[in-house]
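Following this message is one structure expressed as structure tokens.
Naming follows writing order (A, B and C), and every chain is counted from residue 1.
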Amino acid sequence: MQRLLMILLVITFPLSVIGKYLHWSDVALFAIACAAIIPLAGVMGRATESIAIHSGPKIGGLMNATFGNAVELIISLFALKQGLIGVVQASLTGSIIGNLLLVAGLSFLVGGIKFPQQKFNRTIAGTNSAMMLLGVVIALVIPAIFTATNPKISNSMSIGVSVVVLLLYLLGLFFSLYTHRNLFNYTEELEEEEAEWSMKKALLILALATAAVAFESELLVHTIETVSHELGWSEVFIGVIIVAIIGNAAEHSSAILMALRNKMDVALEIAVGSSLQIAMFVTPVLVFASLFFAEPMSLVFSWPELGAMVLSVLLINFLAQDGESNWLEGAMALGAYVIIGIGFYFL
Amino acid sequence: MQRLLMILLVITFPLSVIGKYLHWSDVALFAIACAAIIPLAGVMGRATESIAIHSGPKIGGLMNATFGNAVELIISLFALKQGLIGVVQASLTGSIIGNLLLVAGLSFLVGGIKFPQQKFNRTIAGTNSAMMLLGVVIALVIPAIFTATNPKISNSMSIGVSVVVLLLYLLGLFFSLYTHRNLFNYTEELEEEEAEWSMKKALLILALATAAVAFESELLVHTIETVSHELGWSEVFIGVIIVAIIGNAAEHSSAILMALRNKMDVALEIAVGSSLQIAMFVTPVLVFASLFFAEPMSLVFSWPELGAMVLSVLLINFLAQDGESNWLEGAMALGAYVIIGIGFYFL
Amino acid sequence: MQRLLMILLVITFPLSVIGKYLHWSDVALFAIACAAIIPLAGVMGRATESIAIHSGPKIGGLMNATFGNAVELIISLFALKQGLIGVVQASLTGSIIGNLLLVAGLSFLVGGIKFPQQKFNRTIAGTNSAMMLLGVVIALVIPAIFTATNPKISNSMSIGVSVVVLLLYLLGLFFSLYTHRNLFNYTEELEEEEAEWSMKKALLILALATAAVAFESELLVHTIETVSHELGWSEVFIGVIIVAIIGNAAEHSSAILMALRNKMDVALEIAVGSSLQIAMFVTPVLVFASLFFAEPMSLVFSWPELGAMVLSVLLINFLAQDGESNWLEGAMALGAYVIIGIGFYFL
């Protein structure tokens, strides 16, 4: 698997550099950039993991919690710079529902085909459920409803709510890494694992991969309008489905691997943890960052995006609350993802 | 009870035939048709049950899952033919909320007056909760929100979503009849039961009763407009409350009987199972069938209908999630039904 | 604590009388009235508690369930008389979300700082969850959605729904005081407690405090418009945040005290019970009372108010459903309160 990804990287990265300077068609460049980002995200994830192991469980947990969605953050920053606020919001939406429905759904399905019933820790699932209700539902629905009543308050509300959400995310880290770390087996597993790379090597690889992702992200963002026009897909559909799947490919593979090893706790933590990170860390950081660009990004998403996110959170919360999963629950999550995908396709 | 129903049938069915050819008033014909459908639905249910027992648990379960709401399907097909799409959607809404709030509510209330606390299987309740969240909430809210943004996509979205929902319904049957049938005591009970009628007799009775229901349904549908006008009730109110109660009278009586025997698992399975069947089998089948009529029916329900269905699902999920019921929970479900009924009455 | 409150009362009550007749500025009078209502509400609570203990658990429970939010009721009646329907609805909203998010949130947080994990009775939490879903979500969302479709039905629907809700509240009392009183430890605790005051003295104090609250409420309501204008806060913000915090100050202190004694059951009962009382007793009583004033009050709240209430109920239900709490859950509830507060501030 990792060998295949490295081959993909060795082919696509040079191709994208060549293609850019030879002015290949935008659709080709977009496809190559997508194909290059998947292995790069994987490499960044492995480097972050090595640094986390070297740094000890607390700093390591903090690193995973902030750099875990670096690819998503980099793509979004380039899109913001380009003024593509709709694409950024669409890809944030897509990442949240993709992690909740596609990553968790595939884990439930694949794991459920192998094992008739899989169990996971209900306490963590419960805390995460409440966090998602806060970070996704309340933090996004309240600005949307209030702004619908008075559109002028959009930006001031967004900044205020972003501060609260980011603070709660940090409190959540403090909870899982300090005061209640015994509840979370993740940090303990981190201690047992061996680092793949030395600290120095991991930092170098992380820096190089980040630079390469930035290059590919710019390519992706610059070609998105033409691709949308030529393929007849809306920019929102590309953001919600295509960009989100690419940005979260690493999460998909690790979660499914864990489900196959019957470690459903870890699989669910990857899916839900990544959604929470997008909603409660990446999104507020982008709201703040956008203040330095021409057009500020608010927390006010479109109603279809909001509906998709709220229903995804509710479904996953219902599926997870009994602490058990089976293949049908996976099929339901995937079914919900397809229904939402159909909606964005036709929109 | 069954004797009384047979007497009702023997009186009302000939009366409706006579009334139709003597051109009695529409209000009278509507009332007679309603009174005839109740025992006919009961007879169809008993015949289906006999056939199911003769066919073995798997085919039997499949039969119950597809013919269980045949009356509802037949009435709806005649209404679609007549172009009464609003009435069809109203009666689907009414069947879903009626089964969830009225059938389950009466079971909780009546059972709870006899027993202080009744217990049921939480795992099945959980799976059904998630199915309802998918089949009722997600499958209907997503088309409504997306269509509100772009009305042109209503029909293409409805067909796409219907395919997904029907597929998930079939996967749910595969789950409960094959891969996880040990979780569901229903099929085992089917094996133990003795058939009321022989296979041949049951098939004959089913065919006759279906033909009679079709006759009464046509009468009902043809008189509904005049009845609405003369009694000052909107067609939506008649669909949501009157038609839905008639079409689900059989479910009401069996569920309450089971609650009185402290078999709350079976009572809840009837209520929730019937709602799921309406939402995930009857509704998509009607969407497909409507393509052969003059005007296609979409999955886009009115906001009051959607609100009523979503809140019913949420309430029943909250009531069922602890695996226990009492009379107050029954009173709450009935209270919610009355509140929704008041809404549709005044609308 | 109680000594401090008495000192506050002895200072503020005479000041408010003097200030009223010397025509001090409205902002000063508003502030003094607020400061006077807090200790008066505390005195009324203590008098009600004494009367309840003397009356035995059943009548006592009934008294607490009807007089527990007398302050809120009195303020609202004066505001209705003044035609300030928006302020009344805002303060009802504020009381519901304040009790759910602020009172429960502070209890979870303060208790959770002292104890790593606090447990409470899941059965009661479950029954209360369903009651809130019914009394807050269904009883308020259904009128809002149906009225949005047809604005003319607002008042007839409100009266009908209010009757149902009030009836269910009485059934809920019958459940907790008669048929299932063994589930609720509250009434038993009432039996063990000793009354602070004799019946006669308690009745006298209650009467005097009620009269004084009525005086202060009139002052508060008469000055609210000027205060809104001079401080640049909307009347809705004053109603949702300021009036609600003042009216529920007693609940705040007792719930937090209970949380610190690790009696999370009682703390949650105060928070959720008070919300239920506002939604299912005070609100319908005000709908009926408003029929005797110039302008009737309907159950149709604004969308921001509805959104805030629905999300508060969902969040508390998610936090409570596992029967455990910790400081992070408290921080989440408080975070949600701040997010909603930001919304009403900017609105």
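Here is the rule we use: a contact is a pair of C-beta atoms (placed from the backbone, for glycine too) under 8 Å apart; a residue touches a chain by one contact, two chains touch by 3 or more.
This is a predicted model, so every value here is computed, not measured.
Annotation of chain A and chain B: jointly contacted by C, touch as defined at the top.
For the pair chain A and chain C, the fraction of shared interface numbers is less than half, so the two copies use mostly different residues to meet. As a whole-number value, the distance joining the C-alpha centres of chain A and chain C reads 40 Å. Multi-chain contact residues, meaning those touching two or more other chains, occur in chain C at positions 321. Touching chain B in their complex are the following residues of chain A: 116, 302-304, 307-308, 311, 314-315, 318-319, 321-322, 324, 326-329, 331-332, 335-336, 338-340, 342-344, 346-347. Residues 122-123, 126-127, 129-131, 133-134, 137-139, 141-143, 145-146, 148-150, 153, 156-157, 160-161, 164-165, 167-168, 171-172, 175, 179-180, 317, 321 of chain C touch chain B in their complex.
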